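Below you'll find the structures, each written out as structure tokens.
In what comes next, chain A is part of two complexes: it sits with chain B in the first one and with chain C in the second one.
This part shows the complex of A and B:
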């Protein structure tokens, strides 16, 4: 894997962000795939998805959050408290889930104790949990407010043309990632699941124009490459937020390869494109409200199951691993029904609860994966 | 779940216990004392309720009827809706649909059923629902998922945007049982025109769902009767809460439990109104005599989230015996515009207007969007009209000596913000305690440990008078 892409998966302030900042660019963090990156891009800024990598403790996270909260936002808060997000000029917190949305208060309150950790522009963005004409209307208005606030704070202007350009650039990136999907599901796979995840994650931490170029080059290399991975058990990885490449590496240390995913740091972020005709703001909101659903959108189990099953079948997987971070009840519970329905459809499935962060549970996870592979052999 | 536990319908078992308990209230005192021995699981909680006098007895009888309605809904040709406590059942009565409140029934199990709750909670985990989910739903959901509870026809929930854990339980049940469901969803703001329109449209969406799954049109005359009953109930609740401001508080602590039980079990129906009238009669008498409802008052506590509902209601008994006046929870704030705590903040409240169908729908949409939790924890806790504003407002109004938080281990939303909230409340001068027990699952922290924490807090902070 290319070093520069690899670096973005393990380092927050990576070379691209540094270069962007050195050139006077602004960086705006966001928490979730329900925040439209296109808006930040159209404002001439770098959208940067907040992550918890590099956290080695949750001492600050635990000070503001209660005890029964997912370790992902705790790690994000930890890094913020340690000053590692000081390169951000702004941040958008959205109600992806209850743990994540309370990052708003916890970060603001932590900034009373840790000076200078709160970006100068800090915005709470409310995304509906259902799809209806009135929820779309709300979402369009909410996004207009987001734009107004960005413009007012940073002294920029976002035009329809800016939005159209952003849509086109991001659609191009998504289309390229779908091409990567096509390579991953081949019988002889030119890229490991860990490397593929690194490539996808890089898109959340590199300026998109540059990313698209890198991705095009990489895809050409992969398409021409003679190196192929064969003879391994083919797996799909689904469930909670996962930006930890080492989890996939751990899975692939066994006799397996991850050839598909349904993660929000993975395929759920790019499988749906934005319509390029019509009002660009409405098109963006439509796509973000209806794109392949996270269980934060209540009541869409059948749609999610269809998506999961189709991806599993298309990738000809031997099994599915559904993981969830402890206290992520949305994914954790749905994984329970997925398991029932996947097994009924003849697709072996394993559920696994884990903690986010440095892989302190390596032995346990490896043992479970080994047992699962033995079962499906 | 062990096969021995699967032999009878759980709703039937629960109803039987309540039904028999309600009957023993009709005898003489001697008969009551003899009979209560035969409710070994339940006698302390039962005695606590009946010792309230007429309000307690009426509540027991009304719950008896509530459970019977659930059991007999299908044989009477009625639809049964599984709902959450953050949803007013009033609209269902206008469709002649029988409500089955999930958390309401959980509360009954945890109060009454001392020997079997763990199995019910854990059954959900057996079928894939996470053990970290909220106990408030898991207890009553267990038998339904296991096929040994009364099966609803459809599911209505109104906590998307408010509480993920709650909404997720209903979404899970709908997917697991393949039942039709309707979610109501709330934006993070409350009183702006956008939010009002969203509430209205969402309420109409829910009515359309009810029309589809009942095959009936909304009965406007019936709705009007229900709305008028809500108005009556709200007036009674306002006076009861006004009386709670007195020092000493003339109302027993358990009145708070009854207040919100009425709203979540009996909103808009006469059973609820009768209980409130009986409560008010006693409260007025105590107030006139200057008597504390608990017998004495040494401190006034505002439990600014929810209460504790298991282990024979021991928490309530301890508060009573120790002279701690329970002056409310988030659960007792319904935000009718003329409520004592809404003074000066009337725009945050709701008014029931029965002029025509549209005004009634708007009124009920506004009411539903201001239900406990739905109002306070939809947005950042320190945003206008939210948790901090409401807690401080009620604490000042009620002359709280201390504040205490209690929730469930599944409450991601409040556990995500209660520490900074408590810090803000302390800064504002309110001694604030965070309790780590679980309202419905006393395996998380024993009731004795929980009580010790409150006791120690009151001692260390020198709160008791």
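This part shows the complex of A and C:
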């Protein structure tokens, strides 16, 4: 994989962010796929998805979160506490799940002990859990409030035209990523699952215009490339948040390749586009509200299962790995039901629990994957 | 020691009658609605639906040491061991084919509808969805945005109020009859009286010595949770209060030699109630207050100045203890600590309940910084006895008691 893309998967303050900041640009962090990146882009800023990838301990995360919480937000807080997010000019925290929504408070509290770690604009953004006309009404209000706060703090103005341009740019990026999906599901695959994840992650850490260009170039290279991966067990990876390329590398160290995913650092972030006609703010809210791929939303199990099954079938996978980070109530509730329904549909499935970041146990995971591959071979 | 409250016998009769009523609902042509503990039960009462609380069932499962066994049924079907043990044990009971392994009351009566309010956590949504699919029963969700600080914004109130209107429609569809708004007003007034009575009961623990402890409150909270909105709750708490007043008049404490007064945070460890109550009593410590039972002592449905009753309910049910920010939670704890004059905090870091357990270390530290009073965090689980290390908890609690001895 190109070095500049690989760098974004392991380094928060990557060369693109550095260049952006050197040019006087502002960077706004956000927690999950329910925060509209388009709004931040429309304000002329770089949306940067918060990650926990450089954490080597969870000592700070444990202090403010306590022991029985998912290690992903703990690692994000750890990095914040260590000052590694000081390059952020702002951050938007949303209620993706109970643990993530508390990042708002835990980060604020940590900033009372660790000076200067709280971005000057730190905003909590509520997203409804159910889809209804009144949910959309509230969500539009909540999003207007987000825009007002962003404008007031940074002294910028977000016009409808800015939003329309942002929608168009992000839709283009999402469409390109769907093209990448098309390559990944080929019989002879031009890109490994680890590299594909790196490409997707890069989209959350590189200015979108540059990213779209880079992605176009990369897709052309891949389409023309003669190097193909064949003869491996084809897998789909789903479940909790995963921005850890090494997890996919671990899977692919075996006789397997990850050819599809249903991850939020993955297909869940780009399969649905925003309507380009009509009121852009309402169009953005509609897309994010009806974005039912995450179990944070009420209902839609059947739709989520259909999404998972269709992706598995299209990619002609030999099996599905559903992982969840410990203490993830959402995926920890749903993965077992997915497993039952996938197996009933004749798609072998392995469910595993894991930790995130410095707590990950590679030996145990490797053993589980080996056993699964043996079962499906 | 004063021994057990006489009211405990009445409580047992009261709750048994309630469960018999619920279990025989179908035979009596009545409908049953399962509802989350933070859910607006008044609407069910107004529609003459019998409310059933899987969380209350979870408490009974824990108290009868059946949590681990029932949780395993759910875990074998793929539910993560780190999910709330109320959810796991409830789902486990549903999945169990063995009638003797469905929980202490032989399983809950089959629901005709499910009502889930996520003001307590996001897990309840997944739990109720699972039950809804498994039993093929209609489910209504009330989504309550978090109110970290400050008043509830108008658009949030409108959002939640719209859902209360939807709730009425949902009940009308399930029950196939019109909702009686006048009856809801009546029930709301009774619910407010119930809550005020429960608050008065808990306030009795401000006396020295306290006439009851949080361990009693954990048991006697059942009516305010399950039967809120009915006259029987007020009557029951009136009788309980008389008994507490009588103890106060005689200066009879719930424990002998009350020396330390402590505040409990989080859901009780149901399977260790007896052991913990003995431990604290042996160390002359009374748990005089707790954040859990107090959560049902402040909800007030105020229709005054509101356009409609749905907004009054939105106001009452949105900013509850688990749906507010840590600063506000600390304020609640500090308020209780003042009222009940406590010497320290016992925080249960609950493997099952993330929203309750997040930030406890920070709360403990800030409480110490502001009041100079110590805290102890013990790790456990409300229902699943497998997540309990007796040696570790004893060591921590003994060290805490030694620290208190040096301070008080």
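Note that the second predicted complex is superposed on the first by the 373 of 377 C-alpha atoms of A that agree within 3 Å, B and C clash if a C-alpha of one lies under 4 Å from a C-alpha of the other, contacts with A are read in each partner's own complex, and residues count from 1 in each chain.
To be clear about the criterion, a contact is a pair of C-beta atoms (placed from the backbone, for glycine too) under 8 Å apart; a residue touches a chain by one contact, two chains touch by 3 or more.
Being a predicted model, the structure only gives us computed values, none of them experimental.
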Are chain B and chain C a fit on chain A, or do they clash, once the structures share the same frame?
clash
Touch check for A:38: first (chain B), second (chain C), both, or neither?
neither
Answer with first, second, both or neither: which of chain B and chain C does A:89 touch in the superposed model?
neither
Identify the partner contact of A:162: answer first if only chain B is touched, second if only chain C is, both if each is, neither if none is.
neither
Intersection of the chain A residues that touch chain B with those that touch chain C:
63-69, 95, 97-99, 101-102, 104-106, 109, 124, 126, 128-130, 132, 134-135, 138, 141, 295-296, 298-299, 301, 324, 326-327, 329-330, 332-337, 339-340, 351, 353
Residues of chain A that touch chain B when the two form their complex
63-70, 73, 95, 97-99, 101-102, 104-106, 109, 124, 126, 128-130, 132, 134-135, 138, 141, 295-296, 298-299, 301-302, 324, 326-327, 329-330, 332-337, 339-340, 351, 353
Which residues of chain B touch chain A in the complex?
127-130, 132-133, 157, 160-161, 163-165, 167-168, 170-172, 174-176, 181, 183, 185, 187-189, 194, 197-198, 201-202, 205, 379-382, 409-421, 423, 436
Which part of chain C faces chain A closely enough to touch in the complex?
77-84, 87, 118, 121-123, 125-127, 129-130, 133, 141, 143, 145-146, 148, 155-156, 158-159, 162-163, 166, 325-327, 349-352, 354-355, 357-362, 377, 379
Write out the stretch or stretches of chain A touching chain C in their complex.
62-69, 95, 97-99, 101-102, 104-106, 109, 124, 126, 128-130, 132, 134-135, 137-138, 141-142, 295-296, 298-299, 301, 324, 326-330, 332-337, 339-340, 351, 353
